[in-house]
Structure formats: structure tokens, C-alpha cells
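First chain A sits with chain B, and in the next complex the same chain sits with chain C.
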Partner chain A sequence: MTVATQQQTARIPMKGGARRPRRVRRTFSRLLPLGPALLLLAIFFAGPLIWSAYTAFTNMALSGSATTQFTGLANFRRMFADPAFVKSLELTVVFVIGSAVIGQNLLGMLLALILRGRNRLVRTIVNGVVIGAWVVPEVVAGFAWYAFLYKTGTLNAILGHLGLSQDWLYTMPMLAVILANTWRGTAFSMLVYSAALSDVPPELLEAAAVDGASSWQRLRYVTIPLIRRSIVSNLMLITLQTLASFGLIYVMTGGGPGTASSTTPLYMYQEAFQFYQLGYGTAMALVLLVLGALFSLIYLRLIKLEDS
Partner chain B sequence: MSELASEQSSTAFARTRTQRRRGGGRGVASGITSPKKGPAALASYAVILVLFLAFLLPFAWLILSSIETGSGLNATPTWHFTLANFKAILNVATVYQPMLNSLILSGGTALLTVVCSALAAYPLSRFHMRFGRSFLYTILFATGLPITAVMVPVYSLYARFNLVDSEPATVLFMTASSLPFAIWMTKNFMDGVPVSLEEAAWTDGANWLQSLWRVVLPLMAPGIVVVFIFTFVMQWGNFFVPFILLLTPDKQPASVTIYTFFSQYGEVAYGQLAAFSIIYTAPVIALYGVLSKFLGGAFNLTGAVKG
Partner chain C sequence: MQGRRKIVAAAGTLLLGAASLTGCTLSSGSSSGGAKTITVAYQEYGDFTQLNTEMQSLKTQYEKANPGYTVKLEPIQASENDYYTKLTLMNRSGSTAPDVMYEDTFLINSDIQAGYLAPLDSYLSSWSDWSQFTPTAKAAAVGSDGKTYGVPMGTDTRALYYNKTLFKQAGISVPWQPKSWADVLSAAETIKAKLPGVTPINVYSGKGSGEGATMQGLEMLLYGTADQLYDSSTKKWMPSTPGMLASLNFVKQVYTTGLAPDVQDALNPNFGTTVATELLPSSKLAIDLDGSWLPGNWAPTGTKPWPAWSSTLGVAAMPTQNGQAPGSTSMSGGWVLSVGSHSANKQAAFNFVSLAENKENALNYDIIASQIAERTDVAADPKYLSTNPTTGFFTNLVKVTHFRPAYTVYPQISDQIQVAMESVMTGQASPSSAMSTLAQQVNGIAGSSNVASGS
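Moving on, here comes the complex of A and B:
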């Protein structure tokens, strides 16, 4: 939004003379349709973001709004001295790498590759179930996995024969939520990679096969370089989505037992909405945003490195 | 994975042929599991079967216990089927009111989003403006912003202006949060409508609104439907935003009340919870079916996103 106005004012002085008023009116009428969207985005998106940049440096709390003071970096100092927060940040990174970068990404790729060229019925059924897991609202996905991993649940009923049954949500809560999030999000990566793979010219793979490349080499040196851009943009999208994931973990473990699966969004929720420390919670939100920007930069850098 | 790749390229020729026959679309060729590659094909079918079961099993409990008597969290089926769970929850307070709230919230959001993004996409798609590209990149970046992180400041803003627990205010925020992606999608759909078709309208003296309404929108009606359904489905499943912004149970959508139902103190009626989950999920599944019909297969959704 700021970009829009800046560029616009920069543009007008250049075109001087008698044409100016007409030009201004014309550009204005052209921009008019953007109005409602810009207004909404400014009030409910940009506004809160700017507000958060301010709130993060105050001691704002819900209980006594009159006592809000500017406290500088106190929230940030407190945050990084808070072992629970540092741990939540670690758990968030584990959650993102485990369920998005490894789980959804690799499983989505595997499914796209393995389903490619299968008969129609097999593809329809498998796609249906995988996409079903994606379409189901996150709260319902949370219940389904809660029951699936419960002491007397489906997974233990199966693993019981192997003597591996245990109360997954207590013994390894992070693994539980990582598996659940992988289950839920794989469809997106699968769809992205299916679309990307259908753009790979079969002649290239054929030529590589004729030259004696093994199937792994063809995947590594032909297919993957060709769909590189899809891989990077997919990684970026799923990383940012997973980073903000709240509902699934909240329903399954509530962050527990203790704080064993309390990722930053859950810890932020607890501080901001249960302990009413809005300033502190907002500071965490900023850290989360920065973490997202950091991940994006890494991926963009990867594209650039590959291109040069 | 190596068997798969070999499987793929050995059938590459067959695929080009099939694709040509089907008009070279992005659809994947079908029916080319070559009988020659017996063991490799068998291995990959085994992998497919394992993955299929892994994705299917978490649904099993949900479906079974919704129609069983006295179901708890046990996996073992009791084989006593009944519709009692559904009957028990089909009343105004438990199901109808929250579902209606969900409909109002998601429907209102989808409608407002479609209107705003169709308007916004028009100048972005039609005029070559200097800031057009940078604006689109800003939009794309906003698409990725974690909503969870924006919620704390939004809540404090709403608290200050007394907007917490207001349904219209919640719809406005949900609209704002769906707009970046919707504008992006709508713009891509609109780019598919040739400008030459509009020129006739302009010659006849139509202004931008008339040409948008009479020429462009009818031609991209399927795209509009896609954006509407997509936004609706996303907001139907949205838990965090209404969970934070709506406090009165009478105003909360199904996504929130179903959670309250689950987390309430005392004995949770898991059979009823499963039944509620199924009722709550059904519209989304149905709409997704419509969506994939419109898009001619799920692949084009990502195609629309890719731009």
C-alpha cells in the first residue's frame, strides 16, 4: 500500500504541463477499484503489523491498559532469558523441519513420483484419501489423530502385536504432532510436484536412459534440476504455513505434557491470551515473523545460487 | 524410489502418445503399467498400498465410532451400529446454530473477498502500472505471513476499539486475511480473458465498471467460483481466528464449538464428537468435489496458484 502511494507521487512531477490534471484524474480512476481491498488490508493487516511493532516494545497487558509504558527492549531481553521461550523456538524449528521440510516435502514428492503413470483408478483412490486428509478442517484432523494415537487407539491396536504399543501423546508428543501435520499437509506438496512433473519433457528422461543413466541418476540430474523452482516455492509455502500452525497441536496435546510440544505459536497464545501479557506475546509474534522471513530468505538465496 | 523413476521413463514414450491423444493437457497418462516390469511395478504398488493405508487409518476411528454405540476411544469395533450419536447432537444448540454461524462467517467472508479481489484484480491485470509488479510481490509476501503471529496485535486492536465478539468485525478480518491469496488467484484468472474482447465495449463508451461487470466477469465465472469456494473452505476450517475474536458461544462457528465440545470437563461423548466432526466436515468435502469439477482435476488448482 505504501509502495502504491510512493510510486504514484514520484510519477506525477515528471509529467509536467497541461496534461497533468487529466493524467492524475485518469490514474486515480484506474486505481479506484483497488480501493476496497487496500482499505481492508491497511486496516486489518498492515495496521496490526505496525501496531505490533510498537506494542512489542511496551509492557501492555490486558488487565490494566492505563499503565502501558514504553519499555524498550525489555520484552526481547526477557524472551531470550526465558528458557520456556527458547525451548519453544527449538521445538518450532524441529516441527517445521520434521513435518514440512522432511515429512510433507519428501512424502509429497514420493507420492507424485510413484503415482505418475499408474492406472486411473489407483490414482483417483490414493489422491482422494491424501487430499481428503488435507481438506478436513484442522480441528477434526486433530481429533482423528488424538484418537488414532490414543492408548487404546488404532495405531496401538496394530502395533500391539509387535509389542510396540505405548501412549504416543505422552511418550513422544513431538513425533505425534509431526506425523499428524505430515499427514495433513502432504497433499499440497503432492499436487505441486504432480503439476511440476507433468511439465518435465519425457524426451529428456528417455535420452538420459539411452545414455545409460540409472533411475536414481535420472531423478537426481534430470528431473530435480528441472523442477527446482517448484521445489523451492513449495518449501517456502509449506514452511511458512507450518511455522504458524496452532490448531492441530493445540487440539492434540495442548502443548503438553508439560511444555514438551509447546511450539512458539502455542507459547505465544498462552502468554498473550491466558496470562494477558499482550506486549510480551506481540514481541514473540514479531520473532515468529522474523523467523518466517529468515526461512524465506534462505530459500530465495537457494534459487539465486542455483541460477548463477 | 529408484524403481519408480525407471518405471516412469520406460513408459515415457507411451505417455507422450497418450498425452497427444488427450490433447497434450497436463493430465497424467493412464493405464500404462507395463506388464513387463513385474517386480518393480509390484514393489511400487506395495509402497502405494502402505501409503494409502497410512493415510486412510486415521479416518477409521472417526467414521466407525460415529455409528457405534457407547464408543470411547477404543479402536476395536463393537459391531453394534446405530444412528443414536447423530440423533443426540442434531439440535439447535449443538449443531444447527454453530453450523449456521460457520455459514454466515465463511459465506460473508467469501462473498466480500470475491467482490474486493475482483475489483482489485482489474487494474492489476489490465493496466501496466509502474508499481504493479512490486504491489503483486507485496501481496505474495503477505500471503505467507503467519496469521497466528498477526492475531495478537489484531486482538489488542479489537480490544481497544471494542470489536471483540463482533461477527461483522470478525468477517472483516477474515476477509483481509484471505485477500492476498484471492487477489493473486483472481488476477491470474483475469489475465486469461483477452483484452481484445473488452475493446469493443470501450469503443461503445463503456467505463471500466461496465466492462468488468458485463464482459470480463461473465467470461471468468469459473475462476470466480473457484476463488469463492476456496475462500469458503479455508474459512470454514479456520479455528484460530474465531477462537480468539468470538467469545459468546452463540456466535461461535462449528470449528470452535466442536473444540469446546471436546475439551469440556467430565466425560467426553466421543461417539457424538465423531458424529459432529463428520457433519462439520461433510460440506467441505462436497465443496471440494465441486471445486475439482470446475478445475478439471486437482492439478489445476496449483496451476492457478503458480500463475
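Moving on, here comes the complex of A and C:
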């Protein structure tokens, strides 16, 4: 041990001059293959991001002014004094909790649990139907739901006999878009949970059953703790997807009637691209980003990932 | 480990932010190119293909007349609002800015201020055809610096359509020409009383119809009162006037006394299409306050061919509130061709504009696109006047027409007007409280120094 150390320290002064450049060169040669990827990331990912963070603090407009001034926090002050924006944030939170956290997440979990251990035919049919809803393009899905819920649509044709028909997109627009988004996004959660459940060792469940645990207790104390990592990743992914959801709502209600279903992405689109206030719109995007981060923090806090 | 997961979470949220805005931008791989290539940007959308047909023909004519030059057509596939957004995005960079562009008159001031357009005065002064344009047309694209930035391609006017068959059934004599708002309302009341199942009158209202509600609805009323939306002499917005209150009251009256369509239907964003292709052709709507372009829908090539429209429908000018001079009113929009300030060869670009707007081409375009002519020689041409039975009528309305205040904040103020109309039609607010909310919003948008205080 000591001999080895002595030999090493003895060698350093001799080769010291060459050692540093060699390490740099090695690091460089390792990074070189990553170069193109890093460059692309910088241009197409970091670039727009930094640019949009910058424009959030300016009065940049699509038209109407030849120059752009730095306005500091003016956009943010205006935003929180704007009741329509605050309302859009509330609607966004309702939309995310309703369609992602409750709808897609619970329904996906339920489907995955029910399908576990079913025969192949049942699984194939159910998977096919659910994933079918997922592969349909957003705009097509939006239009299908519009046609279903519209005043002279399919649902009213059925309910007409019961005297319940009404224009659902007018009377309960938020519920309509939440249902549509749940319908469309459940497949993703189902797939994530199916994969996670197949990793739960059957011996554990059997052992718990032998110990007299009911099926609810087996779910609560065995299955869920084992798949909690998948739950967190799933929640995060679908939350972020749903927060930015635009096409579905735009096609179904256009944010209306009035502003009754105008979530922040729709309001942002209106301000940035219909009223040409790019700076104000990007400032809203930043707020949306903070909202996404808040959701992620809540998930991480609620579900402890590390074994204590 | 914990720290790393936080980074992953943060990266995920960043992705969301980036996707939410950059996802909407336009990528256009074009460039204005060498001075021998003229790029032309215009709209082509849905059943609006007439301009594209016209441009194809202009390209052939131009290239034949100017050997060595190439015209690069760039039709933008987008609805009106999105078209404008895409065009301004193209204009933001010199490498994508078109040489010639199709511009909406009501937003042209924004683009002039942004420096996207080139003044045309020096070219126009040596263009003999310019004298053929009406004074209103010449004023349509004048910037606040007094220079002209575009040549009008045609305009539109608005008036009342009424169903003659339904009117006769209800015992109202045709031809019908109301002298005041009260006449319009009393005709609608008669229809309501005599013909159940028929919607008496449609006045577009609410956010669903967008600019259609502001222009075909509220402004058709407001500009028939003693007040307007913007006072160009004091340069102030006028959201709070007796005329505005009367207009909102009119909206309230038709929507809350069963004269107008069901509020749920009227708020549908596709209601305009429903009116043109279902309600009017099937005689379920008696009076419709709408635009001069409607007959285009019913032509054999239109979206809803309806040969009998000209014998079924009559047209009447929208009267002023109490019949005060000039007796009737109308609103006009319209589009112009402009030359981009980034254009490398402005003379060649203007040559394209002047070719597009010569008598022959303007006549052809006004006919195929059901435009109201802005050249006096075209307006008098028998071929133009025989386009359809209402062309003469709508062309005459140019004398009493108004244009919208063409300022950058107009789209936002228009949006607030729609909100005010909607709160009145749904009964959420009284006309006076809707008007005070509107005034408050306009103050916030335009700055209180640019808004006239309430009267």
C-alpha cells in the first residue's frame, strides 16, 4: 500500500507537465460524439426557451410598433390585475385536476387493475379500444366530441327521448372538455400502470392473501407502494401534457361560451396571436411553467419515493 | 438522487413552457430572393379560393409582360385571424417578408407603424389608373403620416336581408324599407306573432361570432346613432355614449324578447355558417343583418347552391336610429395590396400591384369574389352590375358607409365589445352596467388619456 503510494507520488513530478492536457483531451474526446446533439439542444431547445423568457419582460408585439422595449415586471403586474387571466388559471387547475389527476390517472389505474390476469382476448379488445382513442389526432378527437355533444348531436338524439337534451357545450363546457380529455388520455395512464403492475411479484400478493388481507388491503399496502415510482412519473407526465392542452378545447368550445372554458393556453393564444401581444403571451407561458413546477413539487411531497 | 429527480422534474416543466408558445409559430422557408423574383403573400382558405385563381392568372400575365422576372405565389392557408398572424410573423424577418401582400385595411395602421410596409406615393403619382379609385378607397390605406400604403382590391358593405315569402305570409308589404330601428323591431314583432317557428331577426352578437358580432352587429347599430366608436377629431375612443347604450339596448331587446335566435345557438362560433347555409335557405329566419358577400354562398359554385335566393330574399338598407340623415348606414371592411418595406425591388413589386388593379383584372376579381368595386369605371361596368341582383344595391351603400377605427388596439376593444354584447344578450348585465364595464376595459387597453369620459 505505502509502496504503491510512494511510487505514484514519485511519478507525478516527472509526468506532471503532460497529465493535465491529457485529461482535458480525454474529456474532450468523450464529449466530441455528443457535440452535434448538444449543439442541436442549444439551438432548438435552450434557444427558444431563453428567448421566450426574455420576451416575457418586454412589450414585444407582432405588429403596431417597430421597436421593443424592456418593461421589467409590467407584464406580470398586468396579468395578476386582469380578472380574465386569474380566472383562466383557475380553470386550468380545474381542468388538470379533473381530467388528468382524477380522470386519466384513476381511470387508467382502474383499467389496468381490471385487465390484470384477464385472458388475452379481453385484453386485446379493451386495449385496442382504449388506445384507439389515444391515437386519434387531437383535432379529430375534439371534433368527434363536438359532434357528440352538440345541440343536434348524438348524445342529444339519445337523451331526447328522456327530455334531457341540451347544448352540453353551452351549459357545462368545462365538464365537456374534461370528459373529452379523460377519454383521450386514459390509454397512456393505462399503459404505464399495466407495465408497472406486471412488475409486482405475484408471491407478495399471494402471501398477503394467505395472511388474510382483503383485496383492498392488498392494493393499498402491497401494490400501490410497489408502483409508487410509476405513479409519480405518470402524474407528472400527464399533468404537463394537460396543462399545455390547447387543440382539444379550442376545437370543442373555443374557450367559450364567453370565457367559461378559456384555460390559460387559450387565453395566452388569444393575447399573443389574436391581439398581437407576444411579450404578454410569453409572460403567461412563464407563469404556466411555474404552475407545472408546483404540481411536480406537490406530487413529490405527497408520494415519498425513497424507502425510509 | 433527490436533487437529480428535481432536475428531471424541472426539465419537464421547461419543456411544457417551450412547447406551449413555440408550437404556434409559423415556419416559412421562403425568401424575397433576388431582385428578379417577386413573392406575393395572400390568403387562401376553405371556400375562399377566388383570390388564388386571380393570382395564378396575374402570375402568368406578369411573367409574360416582364421577361426574366418570376412571380412566386405564397398562398397562406389560414382563417382570417390566423392569416394576419402568419403574415405579421413573415414580416418580422427580412428573409421571409413578401414583396407584395394582401392586407386587411383595419389592421394596416399597425403594420405601417411596425415598419413592414413601403409608402407608394411616388409610384401612385405616375399611375394614371389611380384617379379611377373613389375618394373613400384612396383613403383606406393612408397612414398617420399621410402617405398611402396600399391599393384597394375591393370592399364590402352590410345591410338587412329579408325573406319576401315570410313577409307576405305575415302580411308585411314588400319591398320593405324600414325608416328607423322601431320599424325593424315592429316588423320582427309581427313575424313573431304571425309565424311561430320562424326566427324573426338575426343580429350577430357575442364572442362566438368574433369580429362579425362587432361589425355586423353592434357597429351597424352604433354608426346609425349620433355617436361613433372613435372620434377622429379628438383622437379619443368613445365607449360610453348614448349611442352605445341605445345599441346595447337594441341587442338586449331582440335577444330577451324572443325576436333573435336562441342565445345558445347565437354564441356558437359556427353560427355565421348556420345562418348562411341553413336558416336563410330553409326560410327559418325572416330578417338577417349581414354582409354583401352572402350571395357568394348561394352561387352554383358556392358552399350552399340556392338558385331561388334572388327571388326569395330582398335587401334593405339598415336605417339610422330615428331615421335621421342620411337615413341609412353601413360598415365596410376591405383589403388592399401593399408592397413590403423589405422588398429588394419595390418598382417591380408595384408593377405587380398595378397589374392586379388595372380595370380588367379588378373587374374580373370583383365579379368572381363578390367584392364591391372601388374603381368608378368598374362600378359602372354592366358586366359588374349584372353579377348578381344585389350588386348594385350594395355598391350604392358605399355612399353611407363607415370604416372601423384602424388602430392597433382595435382588435382588443372589439373583443371587449363582444363581451359586453354577450353579457347583455344572456341577461348577465344590464346595458348600462355592460357599458360601464366596457368603458373601464377600454381605458385599460387604450390608456385613459385616449378615451373620452362618459357622457
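To be clear about the criterion, the second predicted complex is superposed on the first by the 279 of 308 C-alpha atoms of A that agree within 3 Å, B and C clash if a C-alpha of one lies under 4 Å from a C-alpha of the other, contacts with A are read in each partner's own complex, and residues count from 1 in each chain.
Quick note on the criterion: a residue touches a chain if its C-beta (ideal position, glycine included) is under 8 Å from a C-beta of that chain, and two chains touch if they have at least 3 such contacts.
Because the structure is predicted, anything quoted here is derived from the model rather than measured.
Q: Going by the contact rule set out at the top, does A:Leu288 touch chain B (first), chain C (second), both, or neither?
A: In the superposition, A:Leu288 touches chain B and chain C alike.
Q: Between chain B and chain C, whom does A:Trp216 touch in the aligned arrangement: first, second, both, or neither?
A: Only chain B; A:Trp216 stays clear of chain C.
Q: Given the touch rule stated above, what does A:Leu243 touch, chain B (first), chain C (second), both, or neither?
A: Touch partners of A:Leu243: chain B and chain C.
Q: Of the two partners chain B and chain C, which one touches more residues belonging to chain A?
A: Touching more of chain A: B.
Q: Would you check which partner chain A:Val129 touches, where first means chain B only, second means chain C only, and both and neither mean what they say?
A: After superposing on A, A:Val129 lies in contact with chain B but is clear of chain C.
Q: Under the stated touch criterion, which partner chain does A:Val86 make contact with: chain B (first), chain C (second), both, or neither?
A: Touch partners of A:Val86: none, neither chain B nor chain C.
Q: For A:Met268 in the superposed arrangement: first (chain B), second (chain C), both or neither?
A: In the superposition, A:Met268 touches chain B and chain C alike.
Q: One more residue to check, A:Tyr276. First (chain B), second (chain C), both or neither?
A: The answer is second: A:Tyr276 touches chain C but not chain B.
Q: Using the touch definition from the top, say if A:Ala144 reaches chain B (first), chain C (second), both or neither.
A: Only chain B is touched by A:Ala144; chain C is not.
Q: Go through chain A and flag every residue that touches chain B in one model and chain C in the other.
A: In chain A, positions 45, 48-49, 52, 62, 65, 151, 236-237, 240, 243-244, 246, 265, 268, 272-273, 281-282, 285-286, 288-289, 292, 296 sit in both the chain B and chain C interfaces.
Q: Mind listing the chain A positions that touch chain B in their complex?
A: Of all residues in chain A, those touching chain B are 1, 3-4, 6-8, 11, 29-31, 33-38, 40-41, 43-45, 47-49, 51-52, 55, 60, 62, 65, 107, 110-111, 113-120, 122-123, 125-127, 129-133, 135-141, 143-145, 147-148, 150-158, 180, 183, 186, 191-192, 194-195, 198-199, 202-203, 205-206, 208-209, 214-216, 218-219, 223, 230, 236-237, 240-241, 243-247, 251, 265, 268, 272-273, 278, 281-282, 284-286, 288-289, 292, 296.
Q: For the complex, which residues does chain B have touching chain A?
A: These residues of chain B touch chain A: 1-13, 15-16, 26-33, 44-45, 47-48, 51-52, 54-62, 65, 72-76, 115-117, 119-120, 122-124, 127, 129-131, 134-135, 138, 141-142, 144-157, 159-160, 172-173, 175-177, 179-180, 183, 208-209, 212, 233, 236-237, 239-240, 244, 255, 258-259, 262, 270, 273-274, 277, 280-281, 284-285, 288, 298-299, 301-303, 306.
Q: Which chain C residues qualify as touching chain A in the complex?
A: 1-2, 5-6, 9-10, 12-22, 24, 81-82, 85, 88-89, 91-92, 107, 109-111, 113-116, 206-208, 264-265, 267-269, 408, 411-412, 415, 419, 422-423, 426
Q: State the interface residues of chain A toward chain C in the complex, per the touch definition above.
A: Going through chain A, the ones touching chain C are 45, 48-49, 52, 61-66, 151, 167, 170-171, 236-237, 240, 243-244, 246, 254, 256-259, 265, 268-270, 272-276, 281-282, 285-286, 288-289, 292-293, 296-297, 300, 305-306.
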